[in-house]
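Going by the order they are written in, the chains are A, B, C and D; count residues from 1 in each one.
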Amino acid sequence: MVRGDRIKIDQVTATVLENRFIAPGVYRLRIEAPALARAARPGQFLMLRVGQTLDPLLRRPFSIHAVHGSRTVDILYRVVGKGTNILTTLRNGEGLDIVGPLGCGFSWREESPSLLVAGGMGIAPLFFLAQTITQNGAGAKTSVFIGARNKTELLCVKELKTVGLQVEAATEDGSRGKKGLITDLITNRVAASRPVIYSCGPYPMLHAVSSLAMQYGLSCQVSLERFMACGLGACLGCVTEMRNGDLVRVCKEGPVFDAYEVAWK
Amino acid sequence: MVRGDRIKIDQVTATVLENRFIAPGVYRLRIEAPALARAARPGQFLMLRVGQTLDPLLRRPFSIHAVHGSRTVDILYRVVGKGTNILTTLRNGEGLDIVGPLGCGFSWREESPSLLVAGGMGIAPLFFLAQTITQNGAGAKTSVFIGARNKTELLCVKELKTVGLQVEAATEDGSRGKKGLITDLITNRVAASRPVIYSCGPYPMLHAVSSLAMQYGLSCQVSLERFMACGLGACLGCVTEMRNGDLVRVCKEGPVFDAYEVAWK
Amino acid sequence: MKKTRPDLSVQIGLLRLQNPVLTASGTFGYGEEYADLVDLNRLGGIIVKGLSLKPRPGNMPPRTVETPCGLLNAIGLQNVGVENFIADKLPFLCDLSVPVIVNVLGQDIKEYQRLAERLNNVEGIAALEVNISCPNVKKGGVVFGTDHKAAARVTKAVRAATRLPIIIKLSPNVTDIVSIARAVEEAGADAVSLINTLTGMAINVETRRPKLGNVLGGLSGPAIKPVALRMVWQVAGAVKIPVIGCGGIMTAADALEFLIAGASAVQVGTANFVNPRATMEIISGIEEYLARHNLKDVKSLVGSLIL
Amino acid sequence: MKKTRPDLSVQIGLLRLQNPVLTASGTFGYGEEYADLVDLNRLGGIIVKGLSLKPRPGNMPPRTVETPCGLLNAIGLQNVGVENFIADKLPFLCDLSVPVIVNVLGQDIKEYQRLAERLNNVEGIAALEVNISCPNVKKGGVVFGTDHKAAARVTKAVRAATRLPIIIKLSPNVTDIVSIARAVEEAGADAVSLINTLTGMAINVETRRPKLGNVLGGLSGPAIKPVALRMVWQVAGAVKIPVIGCGGIMTAADALEFLIAGASAVQVGTANFVNPRATMEIISGIEEYLARHNLKDVKSLVGSLIL
């Protein structure tokens, strides 16, 4: 989305400040990377070189989870395989080869109320957006909805509340917050305040949120995921289909798209 | 050499007790591996799985450097490339996948005086032999000669002295001990005491030591090195030529050979 | 209610295997090398190092070099020769309860034929695997396996010389592996196994010399798995005889890919060097997968790729 | 006394490169994608994504999957088409001081010919690289590059249609790459580049579906380096025209292996994804190597393998 100011892409060696276990299978990696901290926009991502050898060969994409001051960047990651397992072995002071910031992030619409809808790890990029919104003093007209399978997968609720945001949670098993899907939860809310929706999470959730938005004629931005080999727009591997039939690069034209332009399957 | 009692090969997960920097580029890895500690014979080696990924793909061979009691094994290694670099990242308490003990080690000839001749990292297996000899109370009629390029590459001298052995050192640059090649140093010695020679080090040194031994008609055992894919005698990759023209497996028939049987090039 | 354990057995022509996991020729010695580390009787079968009529010294070292996720080898088919094999190596293998498959190679059709004849009535041999990835001296070193006519001729010759099931092992260094698989099926092969190694090379830039004494070598290991899987899928879709998949199999998941692509059994090679327990873990892993997916036997998995 | 810097320049037919390091087609977009990360003017040259006459949408996703030390891709040759390239992409490239090589592909000989004609007099194009690893629709999808006659025919057609230097890019999925290299030399190619990707496949065992939308894909990356190096060595020994080596080059040492094997220049592909700075580091590394070995120019290294 954010196509306005073209952001310079950099390849930097960041320093690990902290690599912290925050929930079962989930870690928060805090790095010192001034260039990235200054350039980063909510919804953009980074390509991390995991490990020193040729296996895994490719970089791994991770959203920018938070930026602190002008030097520190957070990444929130879930361990799902080879690369993320290696990430957990990073220790303070070690260097990490990063390319970024990449892609087009969310374009926050200051004038309207904001509704952030996160599913599972989808909170990773949305937290940065929430941060930015509150820093711009618009926290009051912003609410965050987080859905997860169960309470242990419900992330960042406390952090969001401490920055003064109104947070509502839903879990599929009801172990915390309302029981059920996030979409059930937001339906009546969207009807009332007619917010702009910013969403990230599993595809089925994004699809449901988008349908809802369209049904109520609300503007909606979604962050999509694809396997990415380059993250730079060079390999044409990460394409997704648009409503107009175009195949566009998630890493370049996205990862954030206008829900109305996506060809939902 | 030691073909007598067939030693059972095991695949174990050893526990790292210590991975200690002992000289520039040289580390001593101390592991807990009871099965190996009990079975190991001087001159035998282990195949270590370095790293968790498929790169590097193959195990790496390392001599058994020392055994302490019935549980602890030491490996002395020099960082030369990918795998040995990864080894340096091992931390206390981590597991290490090891296959061994492998190959035919030194057959110590109790009746005669022993002369251990080490070049550079060649001290790795010879230290274990020295340990065994002293434990059998034959330290008095044993002497150790260590050669290296310079004093920083001269290893284990103190340790050998503390187990009560007579150690003489030579460095090519004269930065410690006599200046010159180890072979110059041992010439008059071998003439006098007519010892059995046990040697490990760079090929040119082994060749020179062997020639000297043959010249004086002394029995001599040398430990050879080859790139090893399996270490088990299965791939036939590590062969070396014998005087009789046979190509034999260094990992199985060796790594220790009778100097008289080797086809020196 | 405890589920009955899934049935891992597979049929390769007349040959029945208790499970689909074989050891690849040249990577498992003559079996005895792994006796301490592997429960040999749990294997689906053992394929021994390639045998020639007379003993072969093999190539000059260096013979092996590591490459990214791969191994280059130029052993030069060193082996003890068929007579020494029968006298010194076979007895150990006969004491096992698993099928022993003998891999054979020749410099010309005659040698293949003589090998087949010699092994025909030897006790304790379950099948022959014919390695046609060898230079044909008569044809100035052109590899039998790269020419479908030559491949068929070798197959016919071996077929005529033995009552044992014959598995033709295909070379991947070809434009059209399907045509060669069809040709050997035509010629009477009971099964095909693939792939053998991809021809490769490595250079030491400091000395500017080849890293292998033989200059060229065969690439194996995980690096080649995608190519092996592709060829197995293509061949399985084109022939009626069973296909045995091989190439870069390290884990049960790798083996399952080959079975799903259409292989009735698999061979584990380089993995034996990296993890001597690989075959045991793969057998357990396949069984666990079948149970988890409520499949009663491995046969129902073979060729089950959904397009 | 400071040594003069070694001369890295090489000659590919009429084409002079300031150094032997090119970017491989399809791995560097149209150059602009790397503008922030690479000093484009330091490159030996830029080979752009393969162009067809009309824009192509490419294959359905997923299009890429990681394999051990490799990357499988099935992009399906998506590209903006020759006219949009000239209008939208070429201007940026023209502002650079390095040669721009345009990679072209056709569904039949006519398309190759038309592409060559169209690009013949376009300002700012230094050479054409002809990708013959494409299915020949007329011949029911048989790939041009796997048949030396078809390869020669494409070469002749392109040769007749342009005055630009033409580099024929060879497919490795063949029994005898030397015969194909000879055929295209014969037919008027100014140089050959190799290798393109090895055809491979990957399966998701949980879903039992291919991991690629297109089922089959092309394998690239370090995994294929030994095969690429072998083919480059074989071809360089058999043809007189310059050979451009490609396949799994990640570091200067890798590039040096190809030069020593006989390549006059190299292409860096997948490495651009792993380490965008790869080309820059390779150029510096080659220069450092030449200095360390007291070689005054890179030419003296080409084909210097000691057997």
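Convention: a residue touches a chain if its C-beta (ideal position, glycine included) is under 8 Å from a C-beta of that chain, and two chains touch if they have at least 3 such contacts.
This one's a predicted model, so the numbers in the text were calculated from it and none came from an experiment.
Report which interface contains more C-beta contacts, comparing A-D against A-C.
Of A-D and A-C, it is A-D that has more C-beta pairs in contact.
Taking the mean of the CA coordinates per chain, how far is chain B from chain C in Å?
Distance between chain centres, rounded to whole Å: 36 Å.
Just how far, in Å, is the C-alpha centre of chain C from the one of chain A?
47
Give, as an integer number of Å, the spacing between the C-alpha centres of chain D and chain C.
Inter-chain centre distance comes to 34 Å.
Multi-chain contacts in chain B: which residues touch at least two other chains?
Touching at least two other chains: 54-56.
Using the touch definition from the top, which residues of chain D touch two or more other chains?
68-70, 221-222, in rising order.
Between the chains shown, work out who touches whom and classify the graph as line, ring, star, complete or other.
If you draw each chain as a dot and join those that touch, every dot ends up joined to every other.
Which positions of chain D touch chain B when the two form their complex?
Where chain D meets chain B, its residues are 68-69.
What residues of chain C sit close enough to touch chain D in their complex?
The touching residues are 67-70, 72, 146, 173-176, 198-203, 205, 207-210, 215-217, 219, 221-227, 229-230, 233, 248, 253, 256-257, 260-261, 289, 304-307.
Name, in rising order, each residue of chain A that touches chain B in their complex.
51-56, 82, 85-86
Taking the complex as given, what residues does chain B use to touch chain C?
8-11, 49, 54-59, 97, 99, 226-230, 232-240, 247, 252
With touch defined as at the start, can you tell me which chain C residues reach chain B in the complex?
By the definition above, chain C touches chain B via 26-29, 33-34, 36-37, 49, 57-58, 61-66, 68-71, 73, 75, 78, 221-222, 250, 270, 272-277.
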